[in-house]
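Below, chain A partners chain B and then partners chain C, in two separate complexes.
Entry: the complex of A and B
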């Protein structure tokens, strides 16, 4: 089960991921991010404090935006991941391409 | 060659009957003529009797045949045939009486020969009427036959046959033996006449018609009987044909059965609508229970259900509310009520007890009915029946009546049964559709699974200096786990383990691409980092945008006793050091193949070397093992894997593999099957043989 909540602040948008991202609902996440890009968001924060699990399909979603975001100068920062989920990002090497911070303050400083 | 002509019993028996009747007429008139003119004619009455018996039998055969031919005709047609023959016989008899009435006192009126001719005509028609009716009654009596009734009827027929010959015995005089014979046959006839099972199957209208026909038969037979009596009292000079035991017995039987039928039909009239209703309900039930045929949909079943419920409870208006996929309430099958009126009524019903107790989400709606009073101006009582499939309420039926307390127990029961059956039909239909869909999906999966399994090697390359054992198990879906080895020569071996992101067919195909890449590149004998860089650039062109492959590549040098390795996003390798009796995960940075599809990828590839000694163990695995969860959602994790290996390091490679899988199964518990696939490669280094 995955629930995605979006909050808009003056200069950034936050996606709150609640639950688990797996093959069945990774499309939802993909649609949400695409929607933000289309609406012209330049700074996207992903709140992972309530993210309990992410499968390879979920990682694939983040991975697929890396080059797009670099080209279009959109910044995406993930924060608040628990240790287990962070390890999943780290093992794949995504931590080297995506900014992953421990909390919101740090994420905002980027 | 002698060829038998196709005999038509009906026609022949009719022909013989007519001829016998003519012969009988001729014989009797000749005798009478002789008597009148006091000639010594020696025609014995026995000749007439024999001819009479032949006539009876032929008429019997004729009607037996003609009724059997019209086997399919309904009860009403049969009774009408009896009534029409009765009418014919009566009309003929009346015409004869009229003829004599018009003759008045003329000489012709008292001519015995003419009178005798008419007597024979009357006799013939009465026989026709009685025999045809008897056979029609036979048909009705044997409508729902069992052995007992058939035997009884056959006994009756034998009795009738004997009664034909009785005439030789007593010359048609009314003595005690005659009365005894008649008594026996009448009692027989009465006992047969209680078989009236065909009557309930008549509709109300048909019952009225049959009553009319039966009255005709009753009047005809009464009139003809009186006619016979008048003949027998005034007929002294002629041979008496009609005071025959056979004929009188038939009279009695035809009359009694008609009377019984008449009375029973008459008293059945008021209850016939109930029987008709039950019949309709039975048919409706059958229609509902037939599973929905291809090309039809649930709606047709619900349509039949509405009709059935409405006719079962004589309701004045009804509608059905169905939840659609999104949970919206849609009103369908609205009957005898307008939209506006229905909305108001529905609002009223939902606010009234006990209907307000209805809860959509309740799991106990199955076979529940809500019946109560309404305070509406027009409708006084209402009933709500939820439609439940698999404890899920998918809709409800509203039935309203203009009378108070309009729903009795029988109605409620039959409606509940209808609803239950309709729900089963709808459920079966849905299950069937689902099964068909699943079947297609399964077939596709099976192909993918076959592809995937054929990609895993059946044999792993090694020499005497190390054991290697592989294990891979896919969850119910196709996964993308992959491992393979290749001998590079000079005691060197390439080993790869990988995991393709995603599941299903696409994972299996990506895995086959990975296998292709491995077999192409391994020919070039690349270092692990070279392998990953080249594999990344090859796969960048063929992987979908959001797909990647994690892998670890090892070159095992058995001469130098060292392993060179690189990791591309794959789970770290577990390495057991025998000397230290402890295991560690080999840490090295890396990035999954396809994550970064440019030259920049090279920056993220690293390569390390680790040397080994005999007794050391290397465990290559995929994340399915680490992420296997138990019932409380806890993962098997890296630490448990470590512990499992530490505890089994003395075993052979294949035993270690079994131990790890056993430990993992024990951890997750047998009830919850892992939803990922997991693969394992155990390599154990041995003392090199000298």
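Entry: the complex of A and C
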């Protein structure tokens, strides 16, 4: 089960991922991010504090935006991942390609 | 002592949550750390998701058999299906940089499986395909 909540602040938008991202629902994450980009978001925070699981389907969604975001100067920062989920990003070396911070304060400083 | 558990997984990606629950319950009773348990579950999820989507076209009438066995300090997970099959050994996974550049959303799963598991086997006999994933258990 995955629930995605969005909160808007004056200069950034946060996607709160609650539950598990796998092959059955990664499209929802993809659609949410696409929606934010289309609405002109320039700074996206992904709150991973309640993310219990992510498989390659979800990791692939984040990967697929890296280059577009660099070209269009959109910043995406993930924060609050628990150790188990963070280690999955690390196995693939995605911690080198995606900005991952420990908490919201650090994420906002990026 | 031999411990054996079996799950019949129907080819619908929403069933992957059931697979993870099945594995979590079994792996809790092994010497694997919390992080290792999570990763083994992920590896099996990746192989099954791949089969469900690419070999079975998400046809929920078809199924995959997942069997978990612990023997002599080795955890063995056997994933059996019928059909075309996916030879994980022969599959050449893409480079991470290539995945990023081409914006493809696939290909990462098999890299994860190969990095997480200690040994992988694939066997095809007639129409039956068997993928075996092994993880060495540390003695408690």
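The rule we apply is simple: the second predicted complex is superposed on the first by the 110 of 110 C-alpha atoms of A that agree within 3 Å, B and C clash if a C-alpha of one lies under 4 Å from a C-alpha of the other, contacts with A are read in each partner's own complex, and residues count from 1 in each chain.
The criterion applied here is as follows: a residue touches a chain if its C-beta (ideal position, glycine included) is under 8 Å from a C-beta of that chain, and two chains touch if they have at least 3 such contacts.
Bear in mind that the values here come from a model prediction, so they are computed numbers and not experimental data.
Shared-chain residue A:23: touches chain B and chain C both.
Chain A is touched at more residues by one of its partners, and among chain B and chain C that partner is C. After overlaying the two complexes on the shared chain, residue contacts for A:38 are found with neither chain B nor chain C.
Contact with chain C, but none with chain B, is seen for A:1 once the two complexes are overlaid on the shared chain.
When the two structures are aligned on the shared chain, A:73 is found in touch with neither chain B nor chain C. When the two structures are aligned on the shared chain, A:63 is found in touch with chain B and with chain C.
Residues common to the contacts of chain A with chain B and with chain C across the two structures: 23, 26, 30, 56-57, 59-61, 63-64, 66-67, 84, 91-94, 97. Interface residues of chain A, counted against chain C in their complex, comprise 1, 20, 22-24, 26, 30, 53, 55-57, 59-61, 63-68, 83-84, 87-88, 91-94, 97. Residue ranges of chain C in contact with chain A, taken from their complex: 12-14, 16-17, 20, 34-35, 38-39, 42, 45-46, 49, 52-53, 96, 99-101, 103-109, 111-112, 115-116. Chain B makes touch with chain A in their complex at residues 499, 501-503, 545-548, 550, 568-572, 589-592, 594-598, 604, 623, 635.
Against chain B, in their complex, chain A makes its touches with residues 23, 26, 30, 56-57, 59-61, 63-64, 66-67, 84, 91-94, 96-97.
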